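Two complexes come next, and they have one chain in common, chain A, joined by chain B in the first and chain C in the second.
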Partner chain A sequence: MTDATAYTRPKYVGQPVQRLEDPRLLTGRGRYTADIQLPRTVHLAFLRSNQAYARINKIDMEDARAVPGVIGIYAAADFGHIPDIEAPSKMENYRATACPVLARDLVRYVGEPVVAIVATSRYLAEDAAALIDIDYKPLDAAITARDALAENAPKLHPELPSNIILERVFATGDAPADIANAPHRVSGRFNLTRKTSVSTEPRAYLADYDAGKDELTLYDATNIPGIVRDELARLLNLDGNQIRVIAPDVGGSFGGKGSLYPEEVIVADLARRLDRPVKYVADRLEEITASSQAFGEEVEATLAFNADGRFLALEAEIIGDIGAYSIYPWTAALEPVQVASFLPGPYKTPAYRGRARGICTPKPPTGPYRGVGRPMAVFAMERLVDLAAAELGLCPVEIRRRNLAGADDFPHRIGSGLIWNRSGFQECLTAAEEAIDLPALQAEKAAGDKWIGVGFASYAELTGIGSRIAVAPGMPMNTGAETASVRIDATGAITAKFGISSHGQSLETTLAQIVAEELGVKPEDVRVVHGDTAASPNGTGTYASRSAVLGGGAAIKTTRALLKKVRRAAACLFDVDPDQVETGDGRIFVRGTNHSIDFKELARVVYADTTALPMDRRETLEAQETYDPFLGTTSSSTHVAVVEIDPETLAIKLRDFVVAEDCGKLINPLVVDGQVHGGVAQGVGAALLEELKFDETGQPITATLADYLVPTSAEMPPMHIRHVETELPDNPGGFRGMGEGGTIGATAAIANAIADAVSHLGLEINSLPITPNKLHALIAAGATQ
Partner chain B sequence: MTGKTHIYLTVNGETFDACVEPRMLAADFLRDELGLTGTHVGCEHGVCGTCTITLNGVSARSCLMLAVQLDGMDVQTVEGLGTMRKMHRIQEAFREHHALQCGFCTPGFLMTVHDILNTMPLRDDDEIRDALSGNICRCTGYEHIVKAVRTLVNERDGVQTP
Partner chain C sequence: MKPAPFEYVRPETLAEAVTALDHEDAKIIAGGQSLLPMMNFRLAQPERLVDINRIVELGQIEKTESGIRIGALVRHAEAARSDLLADHFPIIREAMPHVAHVAIRNRGTIAGSLCHADPAAEWPLLVTLLEGEIEILGGNGPRKAKPAEFFLAPLVTDIEETELVTGIYLPLPDAPCGMAFDEVAQRAGDFAVVAAGALVCVKGGQFAEVRLGLGGVFDTSVRGSALEKALTGKPATTEAIDSALPLAVEDLEPNDDLHASAAYRLSLVPVLARRVLTRAMKVAAT
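On to the complex of A and B.
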């Protein structure tokens, strides 16, 4: 057949398309906030608290003001016109905290900004900071959450009734009674220490003020530009159309760049006051001590089960060490409440009671970090599952198989009220089991030369959450909708704009794949605009494993609306019915005819030609649609870790790692694999290396990357991924989120593997990270008992 | 700070002479004075490797050096490796294997790989992992980076891969 109009319609969704953002990032042409240089820029440095909890008696700035190049030095009183940052929530039993942009009378953590210094260079600003003398009166403080919980503990926020700023209980059935009556039960007190995100790019902000228009542009290393814009408008008393927040290339976040920070507010305000661009780039010390931190929880839990190993009831007390302030916008409830709501996991456990409390301590605020709540929940639950298996002499795989929800159980409601839609819980377990040679490993372990351990962890997570559920409990903000606009301009070029904000997720490529497939063009023909509040009337950003589902859904809905306009215009031109018009390979055609034009020609006909179409048929080739999944969709996975411990040095080596996951339809398998690998690496860090330590006075003692260790290539095992696709979810593309799962499963799987490796010693692995030193201490303690 | 020092150097084949404060970091000089912002700064204490450049062909951390130490040196940064239109083979391999996500650590990795391909045997993946362990990537879990480097090593050594 020689029909010239039978163009192919290649599928791009599901293909390992090479990333469109790569060439610039590989050749040093990326543009991160710190790279942007504007004329007349002045530089900001902060003098930060060196006390955990103290009263500020006096600040002496006299010598600092004399440093050449100093433009201004500011303390709390200079920002009296800006309201304190407070994170509201409709949650009962929650109290917001008031966080001034600079510490006013009290400092509440080491690293809290106290003085802002502006100079013509960062070097000079730091010179001046070194000459400022702050006289503190240290105050009594409870440093740990346990101490801060005590009735007579000194209060960190004197205006609040206590250090407990939130409490929430989830209950189904009568778990305490069921546990009391159960034939078997296992318990533990589990602790996931504080972590920090360690994006390789530190936070950075550059505000550019146009006095003529009274407009402010904030270049911002953030993953929530829309949320920052909206709140800055309120705090600075400006209209939204006077502030544009642009997240240019952003060097990772993992949650650490996903909250509103005082530094952002100060940079924006000072640019207006000084009528000059103001730039602030955090150094690593500031990044570790003054960016949001993660986890810091203790879970005391009991799981009851019958003689067959079937779970009967689960009960848990969760204490979250939330730090000094309840972070905007997520609130301090984000992390500990999510531990409680996800603790029952993918299992069928009839009765549940979980109580989460958040406790203020004089440490940096906790905020979102990859996995949010789930790494702690899954660590505690999966340890209990393995303890239960051990009690009954069951294989860890078998006890999971007996309790995971199966194909007939969906939709499956768990004891906290969360509802799982169909996801491959059992299928992932089976795929993970098949990916390793368990008998061979058990034989090697039995030989006894090395301490070999195999650990399983199964989890479920809710991704692509719609407007029915707030990402953080009670947060008065809709994080469940996403708006896209796609347009064909007068030159025939295609631009797709989103409110999401890619910071490593490859969304410039994956969303282009979706738009290209729907419209009938190539991915490289679609320019994706994101991370810019000018691109969308409303948009919050990229977090909570939402962008593939919400951004992808919005892309599909919007492109389909645009395609209708394309077909109407072409149908009019070709004098055929719109249903006969097809697109593919960048062409618009009618099969079996010689009607065929490209998008350039269509744009010319619609926008430039005054005769080809009647006036009332020249529709602008642009569509804008919002997608809201209302609920969300369940991603699930089973992870398997294989560890080998050297009996002499106690060095822990991760030998192998398997992830079997169900994330629905893959948009780009290379990208999904990359997300899983990176997530697992952060799980490895959480389980084996990463710990923010504070001394008894609240001083951070792990404030460099030589003290706070993250995994390097040498610590990472080879990783094997099995993609399991069960019934696709009913969102437009059949996508599920996969940005966080790696961290959620890996932490628990490694803990279980280590527990297995040292099972002959009877050690309890209930605090992470577990290091050779801690293993040694456990063994020594066991020997002295 | 009193007094500036005159330095004379080659960066990516171009010669520069400049007057710098003795305390200015090499990384800040390249970024802020020469506008070569492809070299990123991640920790300023020599751990993360993000700021890696090569000096007379040998990899070095530009956050642990002063600009005055670049005097007389032949400096190469990521901008000298390849261009958007004609990428260096190392850059192409990183793209093919999806060995970067946010891209912030990538220039440092590329400069390290450029060095180790010239100087180390890299016989197996463990050796590749060891050779890369001075650079931190928080996005990729290193799996795809190791794959990209393995491909480059095989090409270097003329090893046929299936």
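On to the complex of A and C.
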């Protein structure tokens, strides 16, 4: 007889479970879109605009058509049946832009696709592209957002009233008056230059059309397969059940694969027209010049405070250089409006006025990028906080302690209307302070051999956002719900399907941990299916730090529903009450009895055995539930950067880095730490290295990875992570999102550390990235004043 | 980013290579670390690629009576590993980790770096500092070029399209000496903003020979001749080095580019010159 009490119910949630996807990915057995080979595939290349803003006079394709292997060459007129891509929003003072899938009449940025060439190989397609001659008439354009704002600036979209396509104001109290009357105030104009995602895997699409069934399968390196499916159906005039979008292994997105692109639409359409699989894999040049870009913002802000350093009012003007088009589905409001709504941060500032405007310029569209809006908001605010501390001679920790919302302040509404629920603002600050030896660093700084700087940054972010709040302002789409279905099949194997997708978040592991824990099996027994529109009737994908909260919540809700069925069926088999049935370690048992079967046996009994259970008790072992947190949950953190600058060469070394964060209950500490490490790396890039530059005619001049510099492992500091768990948020798992925080805090902490290191020179660090070369220029300018 | 069509030839011997290069538009491919990106951007569209990787004799490092010969195909990683090189020219082992990244050092070749002639690259600086000779073979037979004759301008050398570099010859210094290398780059592995190498011989407490090589501050790698002259014969002290440093920037004309202004580059020259000269002096004195 088996002793049923021997079965355990180990805790998987919270444990450092090794990633289930690692054996596949680390041995080169991952299957990315470019790896998928289908018979008769043809390859797509684009000829892209080499002009920032110009009229297309004539396109000569004659020589190109003669290149062997060329199957078709297409321009805008060949896609007249496809509506322009437009990102709608209910936001007032917003104008959508019309983005044709290939540039029609006008090109609006260098890199915009103008001609699509299909050939039997990518090489031949590019040979043909090199023979196509486009006659452009360059047009006057305002390249910078400041110039494009001017009243008489040439309009990028002639049909729109101006280049300003969105404006939104947040106001609580009378900030301008309070600032005017305040005893102290600090101001600055802060600038976060444009970045791009630089995923290891570039964007890639492969469309496979089944003419017999009139069905289209699109393999797509995207993190929003559901959104792509839904919009493709509309643009191509198909039903959703005729399109399946599969995001196989995806090698990073960071936001760059999180919007709908013209190339996706063209690949899908051409596969149907040619009745052949069509493949497009972006190269690095295209990735840098024609995938969505990030930031490009300027914030002019003033913070007023009293003699105790308590904040009184904050006012900000935000200008977003949103590029040529308002991107689908997020709109161009995503970035600049989020800067305005998050600017007050985790602090208690009674009065606020923030105005965000989005300006069209002839550059690639901006889109989501890890951190969205908050890296800029936190950079500006945290610089102001340090400037305020310096004005009063307060320690940067102390001024934050005085102003961060404390345990008794929650729920805390900030001046933009966002509401923070309980999160460890103060606790993270304390944990971060304790992780470094501030007096020792200050003594080393005073010695003066090296310029030492310590920088703090505290922030709060809204994660796991429910249906009450749109992820992007006014977006007519519910991004607040996720559906899971968990099934036990006839072999007793467990499959959990989700509408979310993974592009590096380890969701195959963390979601399996959750399902395993709820069902009473091992994580490796659970096969997670995601990134496939066939897996879920509705699902928007993985973005906005939502998948742990929403996907995890749906996993819990669904698995609990399935467990009820399991217990009902087993109870009938054992002839006991369902409440007596327990599960654990892959067994289904009744404590203190010899009733014990495994899931395989249960599946056999339910699906195959026609005698063990009465017919009406053989219920399908599958459940499907949707989870919607309605509101969001507040994640928070304090980052500390320690920098060392060589006074002679101005080389900047990040010596140490601390992250103290409250992400609620950890599902897997290995995964959380990995997310923090990666996020901080991108923050390092934003603060010290990464900058997309354009010349005065709008030509990109950082179009390779030799010129657009991303951090490597050699540039990364040692990282010390402290997990702070305050009262858990009100969602099924007690999870908070934590996919973006590393990027949000690191940028500002590094900026503050550098400002601290050069404080004896009186330099202002207000534009990022800051490099040794720029420091040299700042010092030289200071010396000549 | 796919190259334009090209013809591919892979000779097994030097003679075959010279024959293959007798063509209107041929390019040699060895490590491919500079040429292939340019071909993928279609900035370079050679009609014929001559792959010299099979020519075994180009891959040797050999000691001769008066110096060391390094074959054209020797990879940066091989040069870094070579004890023979490290024994006589420890600066090479010191400089190699600054050449890009591991994967690039495993494929990229010495001759490739010399022929690419980036003024901030390490090998042009090293042969300039070490007063090496570049060995060249063409249809008219072999010839040799000194660095000052070989490097003409950024990315421009004296080599004809029908010729190939077969190796470099580095003469052993006349007397025991100290060497040191340093550079400032924005990230580990990036092209140097400024690179500096020094070779110093000390005799009887005086500088018997001083060489300073600089990269990233002129159209080609250069020698700090004015500083070298001023220091030779002076007492081997840090004070002497410090007082000569202003001469290090004489006649330099660095360019502004995306990553560094001319002013920033110039500001680094005395700093790096002092560091390498001081270090080389200390090594020479021991």
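Criterion: the second predicted complex is superposed on the first by the 780 of 785 C-alpha atoms of A that agree within 3 Å, B and C clash if a C-alpha of one lies under 4 Å from a C-alpha of the other, contacts with A are read in each partner's own complex, and residues count from 1 in each chain.
By definition in this document, a residue touches a chain if its C-beta (ideal position, glycine included) is under 8 Å from a C-beta of that chain, and two chains touch if they have at least 3 such contacts.
Here the structure is a predicted model, which is why all the values come from computation and not from measurement.
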Which superposed partner A:Ala714 touches (first chain B, second chain C, both, neither): both
Partner chain in contact with A:Arg284 - chain B first, chain C second, else both or neither: both
Chain B versus chain C as contact partner of A:Glu201, first or second or both or neither: first
First (chain B), second (chain C), both or neither touched by A:Ala781: neither
Partner chain in contact with A:Ala66 - chain B first, chain C second, else both or neither: neither
Touching partner for A:Val680 - first (chain B), second (chain C), both, neither: first
Chain B versus chain C as contact partner of A:Gly28, first or second or both or neither: first
Touching partner for A:Thr649 - first (chain B), second (chain C), both, neither: second
Partner chain in contact with A:Ala211 - chain B first, chain C second, else both or neither: neither
When both partners are placed on the shared chain, which of chain B and chain C touches more of chain A: B
Common ground on chain A, meaning residues reached by chain C in one complex and by chain B in the other: 123, 283-284, 704, 706, 711-712, 714
In the complex, chain A residues that touch chain B: 16, 18-19, 21-32, 34-35, 37, 123, 197-202, 249-252, 254, 283-284, 503-506, 670-671, 673-674, 676-682, 704-706, 710-714, 716, 718-719, 742
Complex contact set, residues of chain A against chain C: 122-123, 126-127, 130, 283-286, 648-651, 689, 693, 701-702, 704, 706-707, 709, 711-712, 714-715, 771-773, 776-777, 780
Contact footprint of chain A on chain B as seen in their complex: 1, 21, 23-24, 31-32, 35-45, 47-48, 50, 77-79, 81-84, 87, 91, 94-96, 98, 100-107, 110, 125, 128-130, 132-146
Contacting residues of chain C [partner chain A, same complex]: 1-5, 37, 40-42, 101, 184, 186-191, 193, 258-261, 263-264, 267-268, 271-272
